[in-house]
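A short write-up of the structure that comes next.
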Amino acid sequence: MAGASPSPQRVAVIGASGYGGLQILRLLQDHPGFRVTFLGGSGSVGQHWNDRAPFLPLPGNPAIEEPSPEAIAAAADVAVLSLPNGLASGLAPALLRAGVRVVDLSADYRFPTVAQWAATYTGEAERHPRHDDDLCAEAVYGLVEWAGDRLASARLVGAPGCFPTASLLALMPLLQQGLIEGEGIVIDAKTGTSGGGRAAKEHLLLAEADGGVAPYGVVGHRHTAEIELQASKAAGRAIQLQFTPHLLPMVRGILATVYGRLRDPGLTAEDLTTLFQVTYRDHPCVAVLPVGTYPSTKWVRQTNRALLSVAVDKRTSQVVVMSAIDNLLKGQAGQAVQCLNVMTGQRPETGLPLLPFYP
Amino acid sequence: MAGASPSPQRVAVIGASGYGGLQILRLLQDHPGFRVTFLGGSGSVGQHWNDRAPFLPLPGNPAIEEPSPEAIAAAADVAVLSLPNGLASGLAPALLRAGVRVVDLSADYRFPTVAQWAATYTGEAERHPRHDDDLCAEAVYGLVEWAGDRLASARLVGAPGCFPTASLLALMPLLQQGLIEGEGIVIDAKTGTSGGGRAAKEHLLLAEADGGVAPYGVVGHRHTAEIELQASKAAGRAIQLQFTPHLLPMVRGILATVYGRLRDPGLTAEDLTTLFQVTYRDHPCVAVLPVGTYPSTKWVRQTNRALLSVAVDKRTSQVVVMSAIDNLLKGQAGQAVQCLNVMTGQRPETGLPLLPFYP
Amino acid sequence: MAGASPSPQRVAVIGASGYGGLQILRLLQDHPGFRVTFLGGSGSVGQHWNDRAPFLPLPGNPAIEEPSPEAIAAAADVAVLSLPNGLASGLAPALLRAGVRVVDLSADYRFPTVAQWAATYTGEAERHPRHDDDLCAEAVYGLVEWAGDRLASARLVGAPGCFPTASLLALMPLLQQGLIEGEGIVIDAKTGTSGGGRAAKEHLLLAEADGGVAPYGVVGHRHTAEIELQASKAAGRAIQLQFTPHLLPMVRGILATVYGRLRDPGLTAEDLTTLFQVTYRDHPCVAVLPVGTYPSTKWVRQTNRALLSVAVDKRTSQVVVMSAIDNLLKGQAGQAVQCLNVMTGQRPETGLPLLPFYP
Amino acid sequence: MAGASPSPQRVAVIGASGYGGLQILRLLQDHPGFRVTFLGGSGSVGQHWNDRAPFLPLPGNPAIEEPSPEAIAAAADVAVLSLPNGLASGLAPALLRAGVRVVDLSADYRFPTVAQWAATYTGEAERHPRHDDDLCAEAVYGLVEWAGDRLASARLVGAPGCFPTASLLALMPLLQQGLIEGEGIVIDAKTGTSGGGRAAKEHLLLAEADGGVAPYGVVGHRHTAEIELQASKAAGRAIQLQFTPHLLPMVRGILATVYGRLRDPGLTAEDLTTLFQVTYRDHPCVAVLPVGTYPSTKWVRQTNRALLSVAVDKRTSQVVVMSAIDNLLKGQAGQAVQCLNVMTGQRPETGLPLLPFYP
């Protein structure tokens, strides 16, 4: 299994006590190929881990440390950065120079140029001026199933956003094969509140978010640009689409319901399901359901699996692809571990749960 | 307020212990113009109400009775039928003959012919053969804001489905004015589990439905036909659209996110918001939010108000209308009371809560 | 109904955008005897209400004002203070001097001396030195059903805490009649997260609080002192008891399960239920359920009603009293309105919902 | 790890599609020492597993079979019975005769005589007359941490109920050491709705159970007898206690808050925490938290770990022990696997998750 990495790789987790960090730490406790050797934080430097997270005690009860590049490089072979947008680009260059490979969970390395990033992350770009166009160009977009060969040898990976992961797994097969029109694509996405992070915000309180559903970021949510960038690459032409996220009263999970118009109205759900199954045949973290079976996010909760289902309305020639993931695993930290697996010569699903505990 | 009905009208509620019945009973406890004089049930005949529903004690602790047309007609001026599809059409004709006006919460009288109903409700049509085309033709579709003058004098009202209510309030202004194209309309709807009724079903258990979201009835949900019927009338041409409901981990509420392509790409969200505000100006049960404010279903929970918000994406010329209602009130029983109000000369919002208790 | 107050009393609500304030404002929209004439806030001074709370639009869209005693006195006859502990005592003295009657939702006036308050609210007492022992002595404890005649003419009311309300309604009949032993009383309480307020705190995030239950404030929660003070008065001797609150994954509601040992082991649940029913016969905001029917907090959600049920275990001679309230209404703002009703000569339940919308 | 069982043991799971069965199947997918070789069901015989449970696909997509003793014995070394009370005792005798070791998740083998079982499970005893007193006497009560040496060689194990597991882990150290009085013990328990099983029942619908908390089975819940039986054994005298379960709006988890009076009022929380830590030192599925840290059921969700915390109120001499488990794992199926581990010479925690995915 870990044939290419005889001794476990040493991993630094920066931003350990956020939800992304917590998942990384939990996943690596069971992972045969990695061990955590550095915990980096900000507000909590000096505290011992188990006091902060009694629900996830770590062996040796390590202290949380200031994430200086030198300290990280001394302790780890690879680093996972789970930081607010704009901060990773302040840390990654020095880490790479010191020989530490980096998987970044923020948006900093998801765009091929700083300018494209800054066009979407305007506030962050003002607060954090960047000059690492070379790294933007070098970084591999870590949607493992579509990342291609460059991922295995990547020094720097920009892990995809949670919504782009769910959306692109549904869209890419259709766009790459030219099966749907480029106009009129609608992505209606639903997310649990953990996608908003662990920092306390009024609208994410249980008292506010429970018992209701609401859209947010309508027209212009920042993941739109990320999705369109990859969709355009796959289609070989500029794609503009409608992406609307909704906040749901649940902790984890994203469901993206993706609508497009078929170019060939004769295609059936069975045809497309076969296409999807072939596309993802060698990808153990994606499964395609039979026609007529629709995924619940609960079926992938606390797993690194994406579940897809395809329906077709013959009357309207619309295809509806439903894509369910756990926003914190396949949509964030699990995909980061999946990237690390590939980067270190392990099978992509190594150490990653694929089956849920239901209910 | 109740000027046209000096003494309270006597109301029969048939199917009292389901969720629709419970809402009717609760609403009428506070209503100045109605009093409940007959409780009809099936499995629970002979039981006293307060034993079945200790949380909603009724004055006098009435018994639940067999809903025979004679008994109903002896006790009540109007009847609200909250029964499974196919059963109302077995009861309504006799009630009307006996002079009882009827508001039906099922789908039985939402279509202008039995054949159209049977095309969608195939199973029910087999089990319950019908010959009341005349009543189908006579029945008024009880979407109050769009029902027109016939509602006031109607003998028989088919109250709209929950999804059609949320969807049509969003769509009608656009279609009637010819502002969007007839093709490519997408309605992505999200509902709480109470929409599935009170009869115990595995997939509606808290253990099953909590903590996840899933689509259901993809391509072909029966509310599609009901929505298309009204949409086509408004547009003056046959409309076929994509309607996809999703089951959310919450009790009450529907959010419909409606996507369409603008015919005039110069129209702005402000333009359309003004249009919507003008359209619903005289309708106290619908409110249109300012541009950039998006409704939560929690903002309308346990109220009879619909909240709408309109967004426009200039890049794609798409309009996104968000429509939030309480599925059991404006989407069902509240709208039935609203119909009763209009039918008896009262203001439509009489006795109906319009403001939520938040959170 | 509002016989003693022919024109509506003018009410100032201070701390309007917290959960307590929101409930007061919502309740008073439907109240025949009061109208809100002043909205006081802190961070939001100058903003217009409807921009902050689009879900609860107020007529005239009033501005939120600095809560100076002069401005309040110019605008209102009575003031409801919904402020953090320690702040009301900085405002109430001036209001009373200006002739404004005060109902305070904080703990500031729940103890007969400043010293007793300071012994429990130590941090607040350090930050807010007080010298209003006279007002502590004058203030009436606003548990309406047990407040006695002084409430009607009170200038200053300390509204009870949410847990004390649920607990004392269950305990008082037993203690006053000497039916249970003074030792070994256990109150195991369960609350929704809205009891923690609207300020954003990590542990109240949906992502944290949903899907689990945990105790907090074990041994020494500050409501213990408040409960013991009233319980001791009723018993005529010093009572010390065990109070343990638990945080539940729901928005509203408190259930207190109260355990005590019967002095007379021959007493049955029927005996005690009769006693409770007699005790609360003239109190419309408290209802006692039949033996064997146990209350859900959902049965009182968004109402000002408390539901009680009494069970007895003959084997152990233990009595178990279950007490369910809505923590924000009967446990806070609803009870404040109930106090205002009594203070202004109205029936206690005026303008207060007593029946829930279920489910 | 699986030294004593070089080839994986073959396991039959009877009642596979209920919540208990689902957990067993999920756990055994990751288990090095077992493989599932027989799926027994009732209503679903002949169906293929993956059609019924697309969220938990099993290798080979096995069919669900009629659970005849012969078929089970031909396929498996051990059987886990996850059946309604009264049914296991119809199957277990034949299985044992055929050489299949049995772990039963029902209450059938939790009592030392049929008569004691029948006294509590009266309805089941009428429907299912039993004559297997010998097996009742032989069966080992599978609370692993307290089961002693007999478990390793047991042919028949009665796995404890969910509430007894949480309650007894908290009570046993105190009772065995004689640290609390035998009278006045209160167990106030809170459970998620999955404890009620997967069969559809109205009160377990999300629409009913969400957003509220209610007690049930007050005075006389059937787990009382099971708890008292084990508690009495530990104490060496007859113990009668107060057990009150509450239904919470969450899927998984039990929190038992256990109250008792200390015999020695000088004992501190630190003393008792040390005692608990020593007691459970060699038991990896139980952890004792530091004084002042209280467990959330979320900290043990989808794990086989119990988390305990001890508090003492010096004023009242009461000890409060909080005990959190996942009702479906440590409270049911996980504990069954833990039993199987011990019965087959493996470490008790083999193949069992001990750390949660948080949040």
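Each chain carries a letter (A, B, C and D) given by its place in the written order, and its residues are counted from 1.
FYI, contacts are C-beta pairs under 8 Å (C-beta built on N, C-alpha and C of every residue); 3 or more make two chains touch, one makes a residue touch a chain.
Because the structure is a prediction, the values reported are computed rather than measured.
Comparing the chain pairs B-D and C-D, the larger number of C-beta pairs in contact belongs to C-D. Taking each chain's centre as the mean of its CA atoms, D is the chain most distant from chain B.
Distance between chain C and chain D, defined via averaged C-alpha coordinates, is recorded as 40 Å. The mean-CA centres of chain B and chain C are about 37 angstrom from one another, to the nearest whole unit.
Note on chain placement: the centre of chain B and the centre of chain D lie 45 Å apart, centres being C-alpha means. Multi-chain contact residues of chain D (touching two or more other chains) are listed as 19, 194, 207-208, 210-211, 249-252, 296, 298-299, 359.
The touching residues of chain C, counted against chain A in their complex, run 19, 192-194, 196, 198-202, 204-211, 249-251. By the touch criterion given at the top, residues 19, 22-23, 26, 29, 53-57, 194, 198, 211, 251-252, 287, 289-290, 293, 296, 298-299, 302, 355-359 of chain C touch chain B in their complex. For chain A in complex with chain B, the residues that touch the partner chain are 183-184, 186, 188, 190, 207-208, 210-216, 218-220, 240-242, 244, 246, 248-253, 255, 257, 259, 261, 294-299, 301, 311-313, 315-316, 318, 320, 322, 324, 359.
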